[in-house]
Amino acid sequence: MNRPAYLLPAGEPPFVDRHYPKAAELLVGWDGVETLKGPTLIGVPISKPSISHSGASFTPAVVRKLFHSYSSYALDGEVDLRNSESLYDAGDIYMHATDIKESYLRIEKAVVSLVKENKDCLPMFIGGDHSITYSTIKALSISKNGKIGIIQFDAHHDLRNTEDGGPTNGTPFRRLLEGGVIEGENLVQIGIRNYSNSSHYHQYAKEQAITVYTMSDVKNSGILNIMKESIRFLKEKVDHIYISIDIDVLDQAFAPGCPAIGPGGMTSDQLLEAILLAGKEKTVCGLDIVEIDPTMDFRDMTSRVAVHCVLEFLRGRSCL
Amino acid sequence: MNRPAYLLPAGEPPFVDRHYPKAAELLVGWDGVETLKGPTLIGVPISKPSISHSGASFTPAVVRKLFHSYSSYALDGEVDLRNSESLYDAGDIYMHATDIKESYLRIEKAVVSLVKENKDCLPMFIGGDHSITYSTIKALSISKNGKIGIIQFDAHHDLRNTEDGGPTNGTPFRRLLEGGVIEGENLVQIGIRNYSNSSHYHQYAKEQAITVYTMSDVKNSGILNIMKESIRFLKEKVDHIYISIDIDVLDQAFAPGCPAIGPGGMTSDQLLEAILLAGKEKTVCGLDIVEIDPTMDFRDMTSRVAVHCVLEFLRGRSCL
Amino acid sequence: MNRPAYLLPAGEPPFVDRHYPKAAELLVGWDGVETLKGPTLIGVPISKPSISHSGASFTPAVVRKLFHSYSSYALDGEVDLRNSESLYDAGDIYMHATDIKESYLRIEKAVVSLVKENKDCLPMFIGGDHSITYSTIKALSISKNGKIGIIQFDAHHDLRNTEDGGPTNGTPFRRLLEGGVIEGENLVQIGIRNYSNSSHYHQYAKEQAITVYTMSDVKNSGILNIMKESIRFLKEKVDHIYISIDIDVLDQAFAPGCPAIGPGGMTSDQLLEAILLAGKEKTVCGLDIVEIDPTMDFRDMTSRVAVHCVLEFLRGRSCL
Amino acid sequence: MNRPAYLLPAGEPPFVDRHYPKAAELLVGWDGVETLKGPTLIGVPISKPSISHSGASFTPAVVRKLFHSYSSYALDGEVDLRNSESLYDAGDIYMHATDIKESYLRIEKAVVSLVKENKDCLPMFIGGDHSITYSTIKALSISKNGKIGIIQFDAHHDLRNTEDGGPTNGTPFRRLLEGGVIEGENLVQIGIRNYSNSSHYHQYAKEQAITVYTMSDVKNSGILNIMKESIRFLKEKVDHIYISIDIDVLDQAFAPGCPAIGPGGMTSDQLLEAILLAGKEKTVCGLDIVEIDPTMDFRDMTSRVAVHCVLEFLRGRSCL
Amino acid sequence: MNRPAYLLPAGEPPFVDRHYPKAAELLVGWDGVETLKGPTLIGVPISKPSISHSGASFTPAVVRKLFHSYSSYALDGEVDLRNSESLYDAGDIYMHATDIKESYLRIEKAVVSLVKENKDCLPMFIGGDHSITYSTIKALSISKNGKIGIIQFDAHHDLRNTEDGGPTNGTPFRRLLEGGVIEGENLVQIGIRNYSNSSHYHQYAKEQAITVYTMSDVKNSGILNIMKESIRFLKEKVDHIYISIDIDVLDQAFAPGCPAIGPGGMTSDQLLEAILLAGKEKTVCGLDIVEIDPTMDFRDMTSRVAVHCVLEFLRGRSCL
Amino acid sequence: MNRPAYLLPAGEPPFVDRHYPKAAELLVGWDGVETLKGPTLIGVPISKPSISHSGASFTPAVVRKLFHSYSSYALDGEVDLRNSESLYDAGDIYMHATDIKESYLRIEKAVVSLVKENKDCLPMFIGGDHSITYSTIKALSISKNGKIGIIQFDAHHDLRNTEDGGPTNGTPFRRLLEGGVIEGENLVQIGIRNYSNSSHYHQYAKEQAITVYTMSDVKNSGILNIMKESIRFLKEKVDHIYISIDIDVLDQAFAPGCPAIGPGGMTSDQLLEAILLAGKEKTVCGLDIVEIDPTMDFRDMTSRVAVHCVLEFLRGRSCL
C-alpha cells in the first residue's frame, strides 16, 4: 500500500511553512563515511565531572531540538546560512556510566580519529561541562600541526589543582598547561569575575603569563576591542585559535541555566558580537560551548543563547 | 573513513545494557509499505478543539519517549512482549494549524485508508484530546464490517450539544450517536463522576440507553466485575469493541496531568487491571488514550500511565 | 448604543454550555440585606498566625474560582444541587495587615453579627489557617443557644500552649477549652497522626476528655463507622455540631498543598464520605475548611478537594 | 439587616491604602450604553490560531488583575492618570471554541460595531496571539475614514503565506496586504531579528515596500530616533496610525513569557520609551499587545510589561 | 558582654514550643569518640554512578532538615522515641569528585572502621543511589561475624551486568553475588514490578535462588504476610538481616521524587508497615534508604517518606 | 576510637579546594562574648508585616548558604577579603509568631544592646521585609551619638500612612519621620519608580524635604554621580549614614524574587557600583538588604545579588 495522506512518520515537525527554512535544516547528519568539511557539531554529553550537581549532559539534545525554533536567515547582511558551508552533525560521544577517565579518553580518541581523517573539519563541541575542553584541545593538538591558542569566555579561571577532586570542570586549563598541551601565554581569558575565583589561582594565571580580561575590562574597553586585540595577539604566536565558551560568562539574567550563576556578567548581545567576530577569523580550528544545564534553566533560555552562538559563528564564516 | 569509535549518531540512548530490552524496542517504525498486522500506534496530536486550554497534542511524542523508560518484560506470567506481536508505529496525523474540521477529516481519511488496506491492524490512538474519538470510530465503522460497541473510561459523559462550541472534546459520543455511527445501547461508560456532568446529559445518556457505571459503581462492584460484565454485554450485540480511555477517569493523585482533574476517581491499578482484561478480548478492534496534557503534568506521571496501558493491553493480547 | 454582539463584560466564562450548570451557579452573592438561610460561604483569608510560612489566605479566592470547574450535579442520587437550598456567598472578612488579634476580633464580630441576624444561616468558613476556628466557634457560641460539639479532622491536636507564640494555628482548640467556649468531652478529633503531635499534648487531650481517633483507628474501624459513632456520641451531649476540616488530615499524595504534609493520612475518598454524612446531620451548625496553601499546591489539587467537601456537604443536606 | 462590619463582598482587595490609588481604578467597566471616548481596553482572548502551543488567551484576565499591582501615578511629570482621560474596559470578545474563522468574524464585527457607534473610542486590544491584528485593523479600516498606517514592534515579519496553515499568528500583515486593507509602504516594522525570519519573507517585505528596522538598526540608531522617524514618515501618508506590539520584540531576559523567545531583542525600557512617544501622537487610532503567554511566564513578568505599555501610552496621551 | 536577648545564633529554629519535641532532637551528633550504640545515621551522598541523571546525593541533607518537620512521638502505643535508644548522626561520607571507585572504597573503609570499633552500632544509611549498597553490605560482611541476608524493597532486581557501564546503581546485588559477599538464597526482593526488569535478569534471579515477591504478590498476599514470611525464612539461614529500601518500590503517586517513577507500586502505608515490622526484628544489622532525588521531588514528599521509615523503624525497635 | 577517615560531620561542604577560599569563610560566628568590630551580619527574619504575601523571612538563611557559592576574592584591585576586616555573624533575631509589634521591639532591643556594647560594630541587616528598617534605625539612633542620614534604594517611597494597616513594610520611613527619629532632609531616596507610588505620598516626600532621585534621574545622571552627590549632601548634615537596600529597586529581569516586581528598574551592575561606593564611605554606620522573597525567586538569583552587595560593600571598606 501507500502511506495514507497526512499520516507522517513520527518525529516530523507539526507545522511546515514552505518558505521558512528552519535552522535545523542546516544540520546535515553525518553518515560516518563522507569527508567532513567545515563546521561539525559534536555532542559531548558529560557532566559527572562537575564539582556541583549538573545536568549539562542533556545540552546536546536540547540544542539540536532548538535548531527547530529558529531560521537559517540573518537580516544583517541578508545571509541565508543554507547558502554557506554545511553544518555537519557528527553525533554524540558515548560516555562511560561510571568511569570518568575512560569517558575523557573516548572524547580524545574520537576527536583525534575524526580530525585526522577530516583535515578540514572544524569541530563545534556542545558540552557537557567544561572538563571536556582538556580532551578536545588535547585531541586537536595531536591531530593538527602547529600551536594552538585559546580564547576562553568564562567567569572562572578553571585553573584549579587536580589533587582535590581529580579532573573536574574546574581544572581543564590547568591540565592543558601542566600537560604541556598549551602554553599560558597562548591562553586568553575573557569575562573573569569577582568572587568567582581565588587569589591563588589568579596568581597562578599571572605566573603562567595568561592574558586575563576581567568583567571590569569588558565594561571599560568594550567586548569588540578586547576580542580584536585577543585575536591579533594570538595570531602572532599560534597557528590555530580555539574558542571555549563557558556560558556562565553571561550575567544570570541572560543565562539562568548554568550551575554557577551570579550577577555582574556579560549580556548575551556582547557574547554574540564576540562570537560573530570569531567566526570571521580563519585560524579558528574549533569551538566549544559548555556549562549549560537544561534541567535548571527557564524555558531553555540558556541553550537558546548557545544556538545563537553557533549561528553567529556560521554567519561570521560566511563572510570569509 | 569509518565512524570513530564511541562517536554515535545523534539520538542514540546514552546507556545501553545488552540484557535489558527497552519497551521502545517493541515499536517498529512503519515503512508505509509493509502490511500492518496487530497493534499499531498512531499519534493524533490535536488539542485545539478542547474546551479548556490543553497541550494534549504533545502527548504522542512524550509517550514514544517514555517507551525508553520501561522494559518489554512483565514478571507476571514472565512475558517478554518482544516475543508477542509487533507493535507498529505508523506515525502521527498531520494536523491543520487553524481548521479543526479539516484536521478531523484528515484523521478519518488516514484511518480509513490505513485500516482498509491493513485489515488486521489494530489501531491504538494516542491523543490528543477526546474530540478525536468521533473521527477514529467513524473511520473504523467505515472500514470494518459489523457493529461497533464502545467501552469508555471517563469521568465525563462527553455527550454535550454541539451548538455551543461545535465539535469540542466534550462531544465525541454525542456526535457518534447523532451521526448514527454507533447506538447508545452499545456504549458503556465507566467511571462517570459526581460534579463532572450535568443532569441534562445524564438524562440524555439514559434516553439513549447508554450503560453508565459511576465511580460509586466501581467502588461497590469492583472494576474487574464491571469490566467483565461490560464485555459480555457488548459481545452479545456488536462485532467489534473499541476501548476509549480518557485518562481523567483517574483520581488527580494518580493522573495530575489532564486538563480536568479532581478527587474521587480510579487508581491507576484499577485502570491497568481493566486494560489487561481488554487486551485479552479478541473482539477489540481499536483503542485510544486521550486527554493527557504533558505541559501540566508532573514528571510525565500521567503519560507513564498511558505507556503502561499500552503495555498491559499488549500483555493481555499475548495471552490470546 | 447596544453592547456589540460577542463583546461580553470582563470576567464572563470563555465557554458556556447551556445544559451544563456550573457549581459556580450555586453561589448566590449576598446583597447584605436579604435574610440568609442555610449554607453560607464566608472567606476567612488569614494566614499570618501560622507557625510555618503559609499562603492560606489565598484559598477563598481559589475555591470560588474552582466552583467554575465543576458542575452542580451528582450522579449518585441524581441530585442537582440547584434544586436544593441556596448557597450564599457572604464574602470575605477584611483582615488587619499587622494586628492579628484585631483580625480575630473582626472574624468574631462579623460572624456574631451575621448569625444573630440570620438565625438559619449555616456558615461554611473557607480559611485561612486553623487559627480562625477559635473565633468562628466563639462567635457561634455567642450567637447560638445551647452547647456546641466539634468534629475536627486533623493530623494534629492543635492544643499547643499559647505562651510560646500566642494564638497561632497550633492553638485553636486549646484556646476554646481554656476560654470555656467548649468542653473537652464535646470535642472529637479524627485522623490524628504519629510524629505530628507530642506526648505532652496527647496527654492534655486525654486529661480534657477529648475523643481522639488516630489514623490507625481510621484504618481499623473505617471512617464511616467512626463518623457515625462520633455524631451519635455528640448528639447526646450537645445542641449543635461544628465540623472543622484541617485538610492536612489527608495523605500528602491527596493533598500536596498544605503547609504540614506527610505520609500516613486519609484518602480524599474517605474524607468526602465523612463530609457527606455530616451534611445529612441536622444539628450541624457550621463548618470550616482550613490549612490549604494554594501557593504550595500542585494545580490546585488541594483546593479541589475543598470544593468537593462543600458540594458533598450540600448533597448530604439535600437528603434532609 | 446591614452587612456586618469587615465582611466585604468577594473580590475586594485584601488591603486598601486610602492615599494610594491603584491603576485598576483607572479601568471603568463599560455599561454597554454610555458613549466610549478615548482609550478603551478590549480583551481578545484567542490563541488557538498560533503555530506553536500558546496560552495567550489567558492574557486579558492576567493584565486586568495586574492593574491592581501598580498605581495610577507617574513621578515623571507628576502625572496621576486619574486626572486624564478615562480608560474604559469594554470586556472580552467571546470566541468560538472550535471555529477559528468564526472567532475572527466576531472580533471584526464587534470592533466595527463598537467604533462606528463610538467614534472617539481608541481601542487598546489585549491579545491573544498576533493573528487578531488582521481582524482589528480590518475593523478599524471599515469603521474609520482614511488610510491606516501601522507601527509593528516584533521580532518577526508575520508575512507568512496562508496556504500552509491558514490564518495563523504568522500571517496577519500578509493578510492585511493581500486583502488590500493596508499598503506595504504604510507598514513600519521595528525590532525584526536574525534567525527569526526567512529570506523569502524578507524579500516579500521589500517587494511590498515595507519599512523594516532590524534590531541592529535599533542598536545603531536608538529606539527614539527610529520611532520619531517612523511617526513622521507615516503621518505624511496616512490618516491614522495603529500600534501593534508583539511582546516578543523584547529580549528573552525581559519577556520570558511569550511563545517565541530568544536573545538579541529590545530591553523593556526601550519599548516603554517608544510607547510613551506613541501615546503623544494624536493620529494613533488603536493599539494591540499580543503574544504573551501567561502559562509560560515567570511571575507574570511579561504581562507586567504589557501593563506598563498601557500606562505609558496613557501618560503620553495626558500630554496631548 | 552577653548575647542580647532574642538574638540567637544562626541556624536555630524560628519557632519553639516547649512541649513539642522535634524528631530532630533524636539526632545526636557524634563527636567521633563516644562509642556508638544502636541506630546510627550515615549519609552517603553519591549519585554520579546512576544510570540516569540523579541528584540523590542531596538526600542526606534534606532528610536531616525534615527531622525538624516531625515530632518524636507516635500516638500508636504512645511512644516518645526520646525515651528509646539514641539515634546517632555519624555524618556523611566524603566523596571523590571524579573517581567513583575511590568513593566506593571510602564508603567501605569508613563503615568497616566504624562498625569494627562500635560493635553495637546499627547503621542506617541515607543514600545516595542504590550503588552504595554493595559497599555498605560488603563493609558489614567484613566487620560482622556470620552470614548476612537481605530484604530489598525495590521495583527493580538491580542485577545488571557490570560490563555495560561498570558498578552503576543497577548492579549492587549482582556485585554482591559475584563478589561472594552474599548468597542468592539469602536475598529477598519485594515489590519487583512489571516493565521495570528484563527477562534475562529475572532468569538470573531465579538461577541465583533469590526469593522474589512481585507487586502482584504484594497485592495478593499482603505486605505484612510477605514481610513476616521473609524474616522467618531468612532467620533460619543467616545471622544478620540487612534492609535495603529503594524508595522507587512506591507508586509514583506516593514517591514522585525518585529517578525511576511509574504506576503500579506500593503505597507509603504499606512500606511503613513493613519497616515497623523490620524494626521489631533483632537480627537487623543495618538499613539503607536510597534513590530519592530531592531535585526532582515535589515538596520533599519522597524524603518525608524516608523520614517516616526511619521513625517507624525506631518505633519498632522501641518494642524490643 | 577516632572518627573514620572520610566520615565527616554533617554539614561539611561536599567538595573542598585547598586554594579556593569560600566567601563563607569570611563569616565569623559570634560567640556572644567577643567584642564586635566592623561589619556584622544580623538576620531579621520577618515578613508577616508585608502588605502582600511574602516569604522574606527565609532570606537570612538563604544568604548565608549562598556565601558558600562565591569566593572571598575580587580580581578588581586583587583584594582577598580575608585580609580585610572580619565579617561577624551575630545570628538572627528571634521573632514572635503572632505579635508583630513585639517582634519590632525585639529587633530594637537586640540592636540597641548590641551596638551599645560594641561601639565599632557596623550592623548589616539581612531582612525580612522593609518594615524592619524603622526598628534598626531607631535602635541605631538610640545607641549612637549624632544624627543619622539615610540613602534608600527603592522603587517605592515607603511613606504610607499607618492607619490603614499599621506598621507594614510600606511605612518604615513615615514612621521614622513621624517618630522624630530622622528628618526628611536627611533622607535620600534613589530609584523611585513610576506607577509604584502615589501622588499623595510623593507630595508628602516633597513636604518633608526628602531628596528623591527617580529612575529617570538614574538613567539621565548615572548612578555613580547620584551616589556621590547623595553622600556629599548627607555628610554635610549628619554624623552617620545608613544604607537601606530594597532589592525591588532592581528591574524584574535582574531581581525576579521580590514581592513587588516590575520593569523599569536598575540593573544589578548599577546597584553594585553604588554599594561599592557606599563601602568606601567611613560615615556609614549600618546597612540593610530587604524585600527578597526566596520562595518566589528563580534559583536564588535575587539573594545572589544580596550576597554581592555585602561583598562589594566589604571591598569598598577594604579601601578605607
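Letters A, B, C, D, E and F mark the chains as written, and numbering starts fresh at 1 in each.
Convention: a residue touches a chain if its C-beta (ideal position, glycine included) is under 8 Å from a C-beta of that chain, and two chains touch if they have at least 3 such contacts.
It should be emphasised that the depicted structure is a prediction, and the values quoted were computed from it without experimental measurement.
Shared contact partners of chain D and chain E, listed by label: A, B, C, F.
Averaging C-alpha coordinates per chain and comparing to chain A, the farthest chain turns out to be C. Residue numbering at the chain A/chain D interface overlaps only partly, since under half of the positions present are found in both copies.
Overlaying chain D onto chain F using CA atoms gives a rotation of 120 degrees, to the nearest 5. In this structure, the chain pairs C-E and A-B differ in their number of contacting C-beta pairs, and the larger number is found at A-B.
Distance from the centre of chain F peaks at B, each centre being the average of the chain's Cα atoms. Centre-to-centre spacing of chain B and chain F amounts to 57 Å, using the average Cα coordinate of each chain. Between chain A and chain F, the centres computed from C-alpha atoms are 39 Å apart.
The centroid of the Cα atoms in chain C and the matching centroid in chain D are 43 Å apart.
Shared contact sites, meaning residues of chain C that touch two or more other chains, fall at 15, 51, 57, 97, 164-165, 253, 298. Because contacts link the chains in a way that matches no line, ring, star or complete pattern, their graph is best described as other.
Applying the touch definition to every pair of chains gives A-B, A-D, A-E, A-F, B-C, B-D, B-E, C-D, C-E, C-F, D-F, E-F.
Put simply, chain C touches chain B in their complex at residues 15-21, 23, 69-76, 78, 80, 253-254, 268-269, 272, 298-299, 301, 304-305, 308, 311, 315. Contact residues of chain D toward chain C in the complex are 1-12, 14-15, 29-30, 32-33, 35, 42-43, 45, 57, 60-61, 64, 89-95, 97, 106, 109-111, 113-114, 117-118.
Residues 48-49, 51, 53, 55, 57-58, 96-101, 164-168, 295 of chain D are the ones that touch chain B when the two sit in their complex. Taken in their complex, chain A has these residues touching chain F: 51-52, 160-161, 164-165, 170, 192-202, 212, 214, 216, 219, 251-253, 256, 260-264, 296, 298.
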